[in-house]
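Here come two complexes built around chain A, the first alongside chain B, the second alongside chain C.
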Partner chain A sequence: MADVPAGRLPKPQMRGLLISHLKKHSAIALVFAMGVTLAYKFAVADPRKRNYEEFYKNYDVKREFEAMKEAGVFHSARPSWESSDD
Partner chain B sequence: MATPAQLGLMDAASPVMEEMIYFHDHVMLVLILITCLIFYSMLVLMFSKYIYRFLTDGHVIETVWTVIPAIILVVVALPSLKLLYLTDELDNPQLTIKSVGHQWYWSYEYTDYYDIEFDSYMLPIGDLVGGDARLLEVDNRVVLPVDTSVRVLVTAADVIHAWTVPALGLKMDAVPGRLNQLALQCSRVGTFYGQCSEICGANHSFMPIVIEAVPVDVFESWCDGMLDSD
Partner chain C sequence: MLFFPWPVVCAQRNASGGGVMSDEEFDSRWVEFFSKQDIDDWELRKGVNTLIGYDLVPEPRIIVAILQACRRLNDSASAIRVLEVIKAKGGPRAAEIYPYILQEIQPTLDELGIKTPEQLGLDKY
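Right after this comes the complex of A and B.
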């Protein structure tokens, strides 16, 4: 008993608790949801668009085709080392 | 092609598939927003000690949770419809090919400028060489010019099949007695794989599609080679 502080407890909220509770948690929920959504937008969606833009900005069809051809990817165009092997 | 344990969509090889990926990201934003709201609400409710004994109705909240989902649906539907009409757009195709589904292989016809017809059977496992994909390789591939608008007319000779190439964002039912039109444009060179997507019998899983997107001059050489071999 000696360690109980003297003085009165703060008066609890007697009216409108549901509304104040809803307002507080609605705000937190909205901030949390918007935060995660914006994080997805800036971390995933926007970089993906930029990656596609960068990829096609300097895309050289001939260069890519020659590299794939030499790797033996295509049936319609065989690599140069295949004909020299023959 | 898809890689093991892949979760997301395949890398786009056509403008339409790119737009589908961006639309998927857009819808994911909406879904993440809703999921986080619900998740937080559930947490608060689970750990709350309060009970409101005099709760009888909630006209305001009922209005709110009717209007907001309607707005969300509009936010999703408008880009969706735009994409839907984009997939149907045919931009003055320079080439038309026909794809005919059979049990259990595809046949292709290039009858615009040449008279090329061939069948495309799946390569059995015994015929695969190193680097080939099991159940995806074919003996004769569909060769198409890159950066060229192509019209594909899809039909079938027996039962319903479906011609699919996920990397290009293409899927169309092949219905006997009906010609379905697809707009195809490869943005980059490479090989793109697909599989029949409508149950069509015992070997439904063993009639794949392979597209080779090559430069125009290589396509023309291939056409000459096909005509010579005929």
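Right after this comes the complex of A and C.
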């Protein structure tokens, strides 16, 4: 802001360059990190939670067990269409 | 007489814990340090290395005092190296800061016959 004689360079900022750089870029980094977090929440976490909720809303474990049993996947609960050995 | 000034990086506090030091006082203490007539090589190196650890580009008058000390010690290599280091301290803003510094210390460079690294082609790899 001081008057500079013609042709002379004005005095630039010479102190605190690092700290001002760090402050500015820390703020940018914080905003960016928060943005990424929110994007992950809306794009990944929340849909995943909704999918689980949807899946278990009308989940009947007995029905599912019967279906698995009939498919023959269990060792000790054999399907109804399989004859016993003895 | 202080061994060397103790001001700290961010807020320049006295070692005695007496509060924040002003920029002028900080600069004056460093000029005083380098102006010691019988400064030795170690003190010069120690002073410059300490000074460039701070978050600032040294004021032209401190640089003048350093160059005068180099003259007393017949150390032309350090004088040129100090100029390189001052440019490095400007970081991303060196293009703005370094020409200003050179402008301010040109009388001393002429008086002591110090060439800049650029004039010697030392800035090209």
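Here is the rule we go by: the second predicted complex is superposed on the first by the 66 of 86 C-alpha atoms of A that agree within 3 Å, B and C clash if a C-alpha of one lies under 4 Å from a C-alpha of the other, contacts with A are read in each partner's own complex, and residues count from 1 in each chain.
By our rule, contacts are C-beta pairs under 8 Å (C-beta built on N, C-alpha and C of every residue); 3 or more make two chains touch, one makes a residue touch a chain.
In this text, all values refer to a predicted model and were calculated from it rather than measured experimentally.
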item: First, second, both or neither for A:A43, with chain B first and chain C second; value: neither
item: Partner chain in contact with A:M14 - chain B first, chain C second, else both or neither; value: second
item: Touching partner for A:Y56 - first (chain B), second (chain C), both, neither; value: first
item: Partner chain in contact with A:E64 - chain B first, chain C second, else both or neither; value: first
item: Which superposed partner A:A77 touches (first chain B, second chain C, both, neither); value: first
item: Touched partner set for A:A27, first chain B, second chain C, both or neither; value: neither
item: Chain B and chain C contact sites that coincide on chain A, given as residue numbers; value: 17-18, 21
item: Complex interface listing, chain A residues touching chain B; value: 17-18, 21, 25, 28-30, 32-34, 36-37, 40-41, 44-45, 48-49, 52, 56, 59, 61-62, 64-65, 68, 72-77
item: List of chain A residues in touch with chain C within their complex; value: 8-19, 21
item: Chain C residues within the chain A interface of the complex; value: 10, 23, 55-57, 59, 90-93, 96-97, 99-100, 103
item: Chain B residues within the chain A interface of the complex; value: 12, 18, 21-22, 25-26, 28-29, 32-34, 36-37, 40-41, 44, 48, 50, 52, 55, 131, 141, 143, 146-147, 187-191, 212, 214-215, 218-219, 221-222, 225
